[in-house]
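The first chain written gets the first letter, and so on, giving A, B, C and D; residue counts start at 1 in each chain.
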């Protein structure tokens, strides 16, 4: 069977997750895209001091510290881009130019213009692209979407979303590139707000217009080595009120400075017959309320995911045994494999660009003091 | 010891709660205001068919169906007004004119002008007034406020509030006066949003400006008796983004059509050192996260209220045994008694007027498509 | 209408709760037993230094420090006994001898012999008796029982019960009468284990036999004033495995030294179709799982109590607004009123004696090293 | 670097989990044992119709349907045994006889005699063995153990354990080999009770004696194809009261017929200063209560696992992102690798035999009507 040569750029948090996904996708999912090809870990790119060691650990054939060489390498068919956000644009373009498929982490880029550029390049190249909105892959989320689309909670009337972490909550945390517009672009909106937008779109459709505020909670941070303090140039938090194209109203709250929250990404969807609630911090659970039957036994149901929620069963035949974060990436990888095998990519650059438009619209509204911004 | 003659107008949900509070305040709280007077259930006003029976049940000396007579009755020192919102203004004015103290349910009135009128009348009359924002009385809330004011979570940076119920969630529910502007005034904002505003102010201060949206989820409702359908003239839901006077940013979401929510009124307050979370559906619990000590044992603490959270101990010496909703009204009644005895009333008409200003500002912003409205 | 004269002995935790129940039962419940009589707070008995003051606070006509006089007082029709356990026997007998109805706190007495004596005396006297197993009155519990008896979870196959508090968890807590067999009788079994047995019987019937262990976690405690240490003579904790008459198997765990638990009294009932779970620390909630319909939406439902769970609606017409601990005693008082009016007393001395038999059987088995003890 | 040849027998639930663990252990954990060898997936054994396909999917070099050949294959250094329980004994002995290391699923065997035989064979062979008590590997569990051993909750006084699933809850489920003593041995005790015993031992030490009951909830089950009904020969549920060697008392409840429970394996450990609670259905959380500081802010903390709880960080650098069930097996595999590299195996056949002794003692006590059984 044909091999699909994998090139991985970046070996941090997301790099390792990509590597594990490539290692496991066939073993877990069987023939997901595998009728065409079996992933083969061909080439890994990192800094010269790390590349060889990590390649050995992750099981790649070879290592390099030259990402352009990786993009051009004939053994590479698909490039995983897991570097800091500011590098995505350049690397994705290079990979596409070399005729490679691209699996790129989110957000796509620092600016909307870069993201548009990437989507255009993908179209020209005719290669498969995928952006890493991995929470879309959680069987609990997928099932929530299915229930909503099947009308189990009736007509959807309101969306409430939240995404909070505390990685920038500590006032004494040192200043880093994350605080700099030129290196990080947006702050919480890019890092985590984009995930929330990805979930919202899947449930209630496109955002039509919004009004928003942003907040930089910690305005300066100490520079490393006691060299004074530097400004935080992007937002720690944002609040948004949305109108979706279908008439649903909604709101979103976003913070990277919310003490105690580690991966709190979730939503409530209100319908005329019921409600669905999800939170990634309990990623194997879904809450469902339906107004039916005797009032005396109505209540929110806590549904534990299991084989009834595909593709959970590919990981474990026993319900309630719990999938983990890394396994979401395996499911995403399977979707990418299927796209390479000819199915439609469900979160390609064109699709992910729509998410970028929303987070940049939030920033635009906030900079204009909460003025309405339309997305068409 | 002197007696404080109580007159009660209205005997529905809130009327009964007031009656129980008056019956219990001294037994529970001891000398809360009782050095001056002991409440005596003097006169109850309801419709002619109900007044006598309910007076006997609740333990009032006498009954009437004439609320003006009640306001003028010499045996009455304080008037509890628990009628539909549209009647508050007229009744409060009449009671004050007759030199009575007034305990009025929320919201104060249908319009901001009426509420202003009531506050002015109270000032002229020089009598004690109290508006029924009973959730302010929950020991869990009071303790949250204390923790925040003592700086346990550091500088407050963000407020998130929600209040959801489902009493108007059913599309097939019949049309009622609640749907009519002239009778009910605001919808969810008045009924429940006002409670949320009361909690927010106590924690983070006055609202400076806001942007908002409203939503009428069920645009018409069937008239009783199959007589067609009538319009719902007020809002089922609202979303708000706020700036507080002290620089805190915040958001609020409000719905009377949120399936499964029965009394979900709560908040998260984010600080630079921690977070406090409260929800009235688990009204005897408080969640607290503080960034201190070993990361490996940090987490949200679920604090069960007990005697360490006054005045819980007046109801029960054993922690975790659970107070109930009606007992919040006993605490409120004690605050009213203390005000009558000479302490400062903590939620009088002047104070409650500030809440009215916020909910009407929300409506104003929403009607203007989300334009910023300032409150000064 | 006739008045029912109430005499109250003891004004601590339970004394206040009884006083509030008597004050509120008619106002809340309307005609529950009130067609016959209206409770009237006639006489309160406490120590000489407290009696008059507390009587004034609670609203009793008169005060005394002579409990025998109270039992004989012609204005008293029913005696509430809320003194330490060691006094119940003597007081109940005296009240019955004087032709009074008796509402006695649990456990009935120090020894099984005393409890049997009390049941016999009640039979001879022909008066109404009631023992204070107030958790039986929780609408959440009542509804659980209804669901189980209606077969909603199928044939019951297993009972799991727990009751934990931490009032004796602190090793440095001073020695008190609670530690002394002659004054307190059983320890955790009497104080809280008896409540658990009351709930279990209501759900799955009588206990047929059991095996058990007990544990005195803190073997000595410091005497007040630094006067050395004294032995703790009764149990802090117990574990039990039960066979119920109907064939159900079960277990119970009990501790008064369980740090963090404040009022954790609850159960799981396993059936062939589903499961019901209840915990008093969230006393307004019930968990229900039923194996029906699509596996993909099965889960435990969290049911919030409301008017669909009588008599919740007598306290509040709005669901989810939360009853409190003290209100359980109002419901119990209503049951007592109905019994006095001619209905069957549902937890009289004869019935409560069956609970005593179980807790003493647990102690007996434990003292015999876990030997089986049968109850017939 | 040397390769460690892996042979896998069985490709069901546990077989796939072993395969994934072998695939990932080096990539995730880096040099865990890898200074000596890198796992290499050499040979997979399954039925003739499945072996080749699954070997290709899982990434094994070769396939066979002859497990004895696998045990003798020179390319195999370690044998993963994931077949039904009745086959473990024979296969483990064969592998050891051939000088292979053995990673065997739990329970070890059908009978205590077989398990003893296996432990003896391992000693003779001098090879590394490991039994699959994977829940011991959860960072939440490991951290609970650390907190307990460091005295954070003071002296341990009581253990409460539970393990419930519902895979045999349905009365209409067809009869299978699981119901047959000769094929399955013990029922719920072997399948899931053994896991609970593994956790208990790690926290509070060895069991000294116990009393217990068992229950066969569904006494017969329908045979496939409508061929009547057959008896269920082993237990669906058990309840146990334990004395641990160090004086701690405890209890365990176990059921494979508990509707709604999917992987509910957990415990409370009560200490003189606090309590720790864990439940596998929320495997990334730990509850901790410590009696320290102001009573007004005491409560159970919900700790979300993260990099502060090794080896979580090897899977993900961000806290709260959630590990999954399969990842526990990766941690177990790393422990096996380290044992092969010369460290002490922490759950070898000798150690696992102690767990077998406990579950068979439970069965023995139950068969004797709850008589005390000592383990020495």
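To be clear about the criterion, a contact is a pair of C-beta atoms (placed from the backbone, for glycine too) under 8 Å apart; a residue touches a chain by one contact, two chains touch by 3 or more.
Remember, it's a predicted structure, so these values are computed and weren't measured experimentally.
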Spelling it out: a chain qualifies if it touches chain C and also touches chain D; which chains qualify?
A, B
Interface composition of copies chain A and chain D: same or different, split at half
same
With chain centres taken as the means of their Cα atoms, state the distance from chain A to chain B in Å.
41
Determine the centre-to-centre distance between chain B and chain C, using the mean Cα coordinates as centres, and give it in whole Å.
34
With chain centres defined as C-alpha means, what is the inter-centre distance between chain B and chain D in Å?
54
For chain C, residues contacting two or more additional chains:
261, 298-300, 304, 306
Going by the contact rule set out above, which residues of chain C touch chain D in the complex?
153-154, 157-158, 160, 162, 166, 169-171, 211-213, 215, 217-218, 237, 239-241, 243, 249-251, 253, 255, 257-261, 268, 270-275, 289-291, 298-300, 369-370, 372
In their complex, what parts of chain C are in touch with chain A?
143, 147, 152, 286, 288, 294-304, 306, 308-309
Can you list the chain C residues touching chain B in their complex?
12-13, 16-17, 19-20, 23-24, 26-28, 30, 57-59, 165, 167, 261-264, 280-284, 304, 306, 315-327
